[in-house]
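Letters are used for the chains, namely A, B, C and D, taken in the order the chains are written, and counting of residues starts over at 1 for each.
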Amino acid sequence: MDLFYFAWLREKVGTGSEQCALPAEITTVAALIDWLKTRSPGHATAFADLALVRVAVNQDHAGLDAPVRDSDEVAFFPPVTGG
Amino acid sequence: MIRVQTEDFDAGALLNGLMDDPAAGAVATFTGTVRDDSGTLTALTLEHYPGMTEKQLQALADEARRRWPLSAVVIVHRHGRLVPGDRIVFVGTRSAHRAAAFAACEFLMDWLKTRAPFWKQEQHGDSRSWVEAKSSDDTAADRWT
Amino acid sequence: MIRVQTEDFDAGALLNGLMDDPAAGAVATFTGTVRDDSGTLTALTLEHYPGMTEKQLQALADEARRRWPLSAVVIVHRHGRLVPGDRIVFVGTRSAHRAAAFAACEFLMDWLKTRAPFWKQEQHGDSRSWVEAKSSDDTAADRWT
Amino acid sequence: MDLFYFAWLREKVGTGSEQCALPAEITTVAALIDWLKTRSPGHATAFADLALVRVAVNQDHAGLDAPVRDSDEVAFFPPVTGG
């Protein structure tokens, strides 16, 4: 799975992108986040308040209950502030 | 036409580019620039999500064309380091009638503000901070749902 | 800036002229051109009421500035003989925030359509007829009262 | 009084402008129109259906009950179609 982090989530995780082999039992964004939080203190800090986190699966906005699988591209970021 | 770029753009040339259709009738545009309300803004740096940005902007343009009879849609959005006064975004819409051109242009800006994956970081002197999303932008975007 | 003229105007240059304030933030524009829905329009001639036109356009601009915090308002309206594709009208508004710029621009167009003393005469071949006012324009203008 | 006519009202009246000495007893736009209708068949035709006629007194939009006096500039025209 390709993972991307943007803005302050990138800073807290400590990298803008990483790859991982998704465990078979992880099938939703929420479960993915719980798993990512165990990877490093940075990940844990980045995902400490999910009200501040937005998600995209394969470059489309997605919710915490969206399905994910190993071939997906998943990105995490704060609410957008463009324009 | 969708463009995501670090380079500056010529808003006037983009507007004139939209005028080239004799059947146009109505062209509405919006151009946004970097404001410095505080008087201490050194720079504004826009990060974005390459790939998703273009995909989402194209989806916004497609949705606008689905909702209104538009003969052209132009979206240009910059990323990278900007300073006060710099242009950030241009949205232009063309239709036979003004109501459609205006509504589509405003719709695109409202949805862009809440859906296009850009993030602004402000720099005041040596201090950097990420701009927080505004609830007023959510309210504006919700008008269209 | 209010201009009533027979000469063509450069919409892009007018937009770029509105961009010259670093504190601008948001610029909205509308440009209207002569449409030919029928495919037989030879010319569109705009008559106006010199003196009253300028007075009414200035009153519209003043009213827009009273309603929204605008740092600039531009209205350019042509009169005389035009052909399909020709520019007729440009309205541009500048504000710190996009909602004000959009609302003021749309307000100006809606009120201009029902208050500025211009009358269009269509020419199809040798046949000439005065364009009738649209009730949809009254409806659009009534939104703001 | 300076009188102006625009668009098809100009064509029906046969002139874009004229001057007149306003009789003292005429004090409203409505009375002015009734008086103008007696000046020529063109005037009568132009003012045949007042639902189609708009008025400006001294370059401001005005209603049929608006006051007028000899020093005013009064214009008659169809609903506007600019923009």
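In this text, contacts are C-beta pairs under 8 Å (C-beta built on N, C-alpha and C of every residue); 3 or more make two chains touch, one makes a residue touch a chain.
For reference, the UniProt names are A, D = Molybdopterin synthase sulfur carrier subunit; B, C = Molybdopterin synthase catalytic subunit.
None of the values given here were measured: they were computed from a predicted structure.
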Seminar exercise, completed: Via touching chains, chain A connects to chain C in a minimum step count of 2
Problem set entry | Computed distance of Cα centres, chain C from chain B, in Å | 23
Exercise. So how far apart, in whole Å, are chain C and chain D when each is placed at the average of its C-alpha atoms?
Worked result: 26
For this session: Between chain B and chain D, tell me the centre distance in angstrom, where each centre is the average of that chain's C-alpha atoms.
Result: 49
Seminar exercise, completed: Residues of chain B that touch two or more other chains sit at 32, 98, 109
For this session: Identify all positions of chain D at which a residue touches two or more other chains, and write them in rising order.
Result: 83
Exercise. What is the complete set of touching chain pairs?
Worked result: A-B, B-C, C-D
For this session: Within their complex, state which residues of chain B touch chain C.
Result: 10-16, 19, 22-33, 35-37, 84-85, 87, 96, 98-99, 101-102, 105-106, 109, 140
For this session: Over in the complex, which chain A residues touch chain B? Could you list them?
Result: 4, 6-8, 10, 56, 59-61, 75, 77-83
Problem set entry | chain B residues touching chain A - in the complex, by the definition given at the top | 32, 46-49, 51-52, 55-56, 77, 88-89, 109, 112-121, 130-134, 137
